[in-house]
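The next part holds the structures, each set out as structure tokens.
Consider the two complexes below, in which subunit A is the common component and subunit B and subunit C are the respective partners.
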Partner chain A sequence: MGLGPLRRPWGLWSWCAGVYVFLYLPMAVMMAFSFNNARRNVVWKGFTFEWYRRLASNHEMLAAFLTSLELAVSAALASLALGVLASYVLVRHPPFRGRKAYTGFINVPMMLPEVVLGVGLLTFFVRANIPLSFPTLVAAHVIFCLPYTTGAIRARLLSLRNANIEEAAMDLGATEWTAFRKVTLPLLRPALLSGGLLAFTMSFEDFVTSFFVAGIGVETLPIRIYSMMKFGITPEVNALATLLLLVTTALLLGQHFLTREKGQR
Partner chain B sequence: MPPLQLSPGAPLASSPAARSPALARSRLDLFLSRLIAGERPSASHALMAPASLWLLCGLVLPLLLILALSLTRRGPYGMVVWEFSLGNYAKILDAVYAPVLGRSLVYAATTTFLCLVLGYGVAYTLSFYAGRRREMLIVMIMLPFWTSCLVAIYSWIILLGREGLINNLLIGLGLIETPIQFLNRPFAVILGLVYFYLPFMVLPLYACLEKIPRALIEAAKDLGATPRSTFTKVTLPLSMPGIAAGCLLTFIPCAGDFLTAEFLGGPRTYLIGNLIQNQFMVAQDWAFGSAVAVVLIAVLLIGFYGYLRLEGSGFEAGRV
Partner chain C sequence: MAQAPLLELQGIEKSFGPQKVLKGISLQVYPGEFLTFLGPSGCGKTTTLRIIGGFDWPDDGRVFLKGRDVTSEAPYARDVHTVFQHYALFPHYDVFDNTAFGLRIQRRPEAEVRQRVLEALDLVKLSGFESRRIDQLSGGQQQRVALARAIVGRPSLLLLDEPLGALDLKLRRQMQLELKGIQRRLGIAFIYVTHDQEEALTLSDRIAVFNAGEIEQLGGPREIYEKPQSSFVADFIGSANILDGEVLASGHDGTRLMLEGEVEVLFPQNGGSASVPGKKLSVAIRPERIHIHGARPSSPQEGTVCFPAKLLENVYLGASRQFLCSPFPKSGKVLTAVTTDSGAWAGADTASDFREVWVEFRPSDLRILQACVAPSRTTDVA
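And now, the complex of A and B:
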């Protein structure tokens, strides 16, 4: 193994190990202290499931979790729908003026500091007299999810471009619409899954944009954690974060293997 | 071209699909088929309309509004008075606010540099030496990025606090007698920033290193180059596009971050992001907050322009 010039890159590997320890140290601490039998987090006082039990009966936290879940699913689905339409046109339709610029433009939210996006959207909603609520939150999340779904779908459409499978379907008598529904969409499934999962995770974890446009009535999970961090935190947050970490890991690994198995043909 | 291609201008009744109901079940089918086929620009525009509307309302108008707002002034009770004024921009140069701007740029640059040093080693090792495990290892680099950054910040507080794990450990080992103040210092903020934005550096670097043909490395070796000169004369120059992209992708979010400084730092380490957040959510001076946001975008645009210039010049020739 090893394609580089060094034969035994021990120095490089220890460099890597250091970086991985740096990245995973806070997570290990968080997980360990979710089982710590002490209210204050700094000293190990013995093993307990207490914080998980409390978490299960914490209604505010549960409500915030459900809000976040609903938000992330809505934002992912909406950004997938917009992403399919936009990337289909950008890849398949005859070129039109400004196509290249538009392709780049969709990616702008990715290059913009989130705080700018947040205050911009807040200003827009207030100026347009749209009350801040759950729908505005979904609309805002779609903005920063769109680059990710569009990117995944676009890449998939480009890789299918030379396959001519839709043309075969139409030669056999399908209309364009039937071909799109029965051939193109099923072929897009891996991209829809991986782009959707990416958008879901982005939206679920998002704090900054939500912070500005959620308004008073809506509380997502990150906003709940933020206010707990401001006004006193309990190890329940560790328990919650540990559970979330497991879910995120599962989603990320799922996405990774999905794109690896089906995405590469 | 498929035989059932609908000519876009043809009236409904004369098109072959409409005459044979078995093939085209309804007018709706026909209509949708025309949209999908996209032979006329109007079909393309119609399908793009939802995304365009979204980007218009969620991106273009908000940014224009911010720009407009930055040129007004704050009235009593935080109202916006729509009067042209450059006062907000003059205020940024104030002795109170100018250091915040400078500090943000210094922190963002420092973080970017540290990420580059840490990240290059990782990306290089994974790409050249990790073999089949490298995909897994790269996913592991991304994992912390996907967990809630609030929780990560909280863990760092547990680690770095006055009675935190690191201080306890050092005192326990007898290395220090009194706890070291880590939090509320630039150290903690930069550490947090490096922690959050390291993946933004590693991924583009790794993608770029993966593209370097291994034959070039072999050739350098065969021609008698030492590992060091193979790196400095072949690998490093070929990875310049990745370095530039990674630096850009790290610098941008760093410059706008506000959570890290809010929790790991104190008032003396506040950054532009904190200033913007504060003006909008606490001080209720949206006009001034907008001006700060515009300045932030302007600074980032300069960086982006530099990146494009770099990419456009001979630097692209290095890409394989």
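And now, the complex of A and C:
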């Protein structure tokens, strides 16, 4: 390795190993028990796909999963669109009064305790006579997703700012919209991808805010799991968590390879 | 030039906040000419270029392109392309797609696009690089892509904003010649922004010297160099000794001038309105027009003046030699003289500082600077 006579730092290695065990052992146990042929998560009784089979035939769970998926996709897309617009104002627009305050306010939901956001939104919707439903849920999720998408897109736009690339496109005959579509948007892609994935994850796993503003009849996956817990935890939840973990890992790897392949920063 | 101008600027003014960066720029550019905007940074030359390209709008004044008022038109509506200072290539496209961008926006048939892109890349000597990614190219190659992208659509006017600024000296010299060759071959008018006076002299048909938001002088390279009209131009183009002068008398044989209050010369031209006796003015003389002798010349050449000076510095520069000397004990003004090394007097190599030398020049090599009327030297750079 060219490290010369440096001795291997065994102390550091074992410390790292300890941290990883602490982080990932619970998940490993959970994954293992999703294949356990027993009703309780205590002793290993043998291997089975039973819980996956039951999960597949659990219509309420499936419906909740689809609701969460739809919600997360809508929230991610909406917060991306708003994030692009907000970033344009913050980066491209000539400096205006209150720009700093505006930047700060976009980030507030990131630091706000979710309970506060939830209660505030609930009060607002009730007072404004807006029935709690799927749209209010999307609106609530966009609020706490916006800081993440705006942050990613704004950083990317800042790095492109001095490059005159849009001006070059317009110089060669492209209108503002064509320049945006053919030049800026492709260059924003890594930021859209990472910001969008982050928003998707935040929305998909959100419990607190959703719990306040979901209303009756709309049940997201985290809310469904929470209500299942009231009747005792079954390995079905383990099976679900294992599947989600696989999907998340696949998404992360996908993003990694998509952004790397193009060789863009 | 009886031709109709390709581009005409009329009284362009522009302020950024409280700072007025353009104070009434007017000029005409003719088809096929190579015009350079030369000036120090912050003099307004890039802003003028951006106004021509349509990226900035003037506060006052008009821009005419082929006789049409385009002052408030968007960049994409103008038959003008730009080579940006930092190239502004599209990093997500390869060399071919970068070059083809403008043609594809115009929805030209793909066969035509292909043929014209390959021609343009051939012209800038990038054949075979079509499928390279931008980040796989050197700075010089990126420069060529930017040029190919801008000329492939055959604009009638090309704007170049310090296009060679990021290249090293050797590559820059080479690219200068290639640029000039390409410009001649295509017959496209170039407006070229630079702060490098040598580059301007090498390339240009005409040079507009910018200073503090105004054009100080507009003319051919020789005219700008030989007949600078202001102390700024004289100082900025090459180097010049700028001396205070006073008109003593004016007659049919020329104008009698007192330089720095110590040396009297006869300038062999009637200075016109500038030659009222008692009038103070600035005169310039190029370092290469001043000869330094180690001893009093036994037979001074006809039509020269010769006077003693104290040698301050004697610098060997390889092909040439530079002397700094002080012929004016009262004002202490320092004169710079440059000669080829072989043209210096024998023994100059070992001449020590503070010895006495003799300064000789032809008064006809003096230039009276019209812009300067102040009693003392003012190189009015803000």
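Keep this in mind: the second predicted complex is superposed on the first by the 247 of 265 C-alpha atoms of A that agree within 3 Å, B and C clash if a C-alpha of one lies under 4 Å from a C-alpha of the other, contacts with A are read in each partner's own complex, and residues count from 1 in each chain.
Simple rule for what comes next: a contact is a pair of C-beta atoms (placed from the backbone, for glycine too) under 8 Å apart; a residue touches a chain by one contact, two chains touch by 3 or more.
Given the structure is predicted, the values throughout are model-derived calculations rather than measurements.
S.K.: Is A:Pro186 touching anything from subunit B or subunit C once the two structures are fitted on A? First, second, both or neither.
M.R.: second
S.K.: Between subunit B and subunit C, pick out the one touching the greater number of residues of subunit A.
M.R.: Counted on subunit A, the partner with more touching residues turns out to be B.
S.K.: One more residue to check, A:Gly195. First (subunit B), second (subunit C), both or neither?
M.R.: The answer is neither, since A:Gly195 touches no partner chain.
S.K.: Determine, under the contact definition given at the top, whether A:Ile165 touches first (subunit B), second (subunit C), both, or neither.
M.R.: Only subunit C is touched by A:Ile165; subunit B is not.
S.K.: Give one of first, second, both or neither to describe whether A:Gly151 is in contact with subunit B, with subunit C, with both, or with none.
M.R.: In the superposed model, A:Gly151 contacts neither subunit B nor subunit C.
S.K.: Examine A:Gly120 and indicate which partner it touches, taking first as subunit B and second as subunit C; both and neither are also allowed.
M.R.: Touch status of A:Gly120: first partner only.
S.K.: Go through the superposed model and pick first if A:Thr178 touches only subunit B, second if only subunit C, both, or neither.
M.R.: Touch status of A:Thr178: both partners.
S.K.: Once the two structures are superposed, pull the subunit A residues common to the subunit B and subunit C interfaces.
M.R.: 167, 170-171, 173-176, 178
S.K.: Touching residues of subunit A toward subunit C in the complex: what are they?
M.R.: It is residues 162-165, 167-176, 178, 182-183, 186-187, 262-264 of subunit A that touch subunit C.
S.K.: Spell out the residues on subunit B that touch subunit A in their complex, using ranges where they run on.
M.R.: 2-6, 17, 23-24, 29-30, 32-39, 41, 43-45, 47-48, 50-51, 54-55, 57-59, 61-63, 65-66, 69, 118-119, 121-122, 124-126, 128-129, 131, 135, 137, 139-144, 146-156, 158-159, 161, 163-165, 168, 195, 198, 214, 217, 220-221, 225-227, 230-231, 252-253, 255-259, 263, 273, 276-277, 280-281, 286, 289-290, 293, 296-297, 300, 304
S.K.: If we count contacts the way the header does, which residues on subunit A are in touch with subunit B in the complex?
M.R.: 1-6, 9, 12-13, 15-16, 19-20, 22-27, 29-30, 33, 41-43, 81-83, 85-86, 88-89, 92-94, 96, 102, 105-106, 108-109, 111-117, 119-124, 127, 139-140, 142-143, 146, 150, 167, 170-171, 173-180, 201, 205, 207-208, 211-212, 221-222, 225-226, 229, 233, 237-238, 241, 244-245, 248-249, 252-253, 256, 260
S.K.: Applying the document's contact rule, which stretches of subunit C touch subunit A when the two form their complex?
M.R.: 53-55, 74-76, 80-82, 84, 86, 88-92, 101-102, 105-106, 133, 135, 149-150, 153
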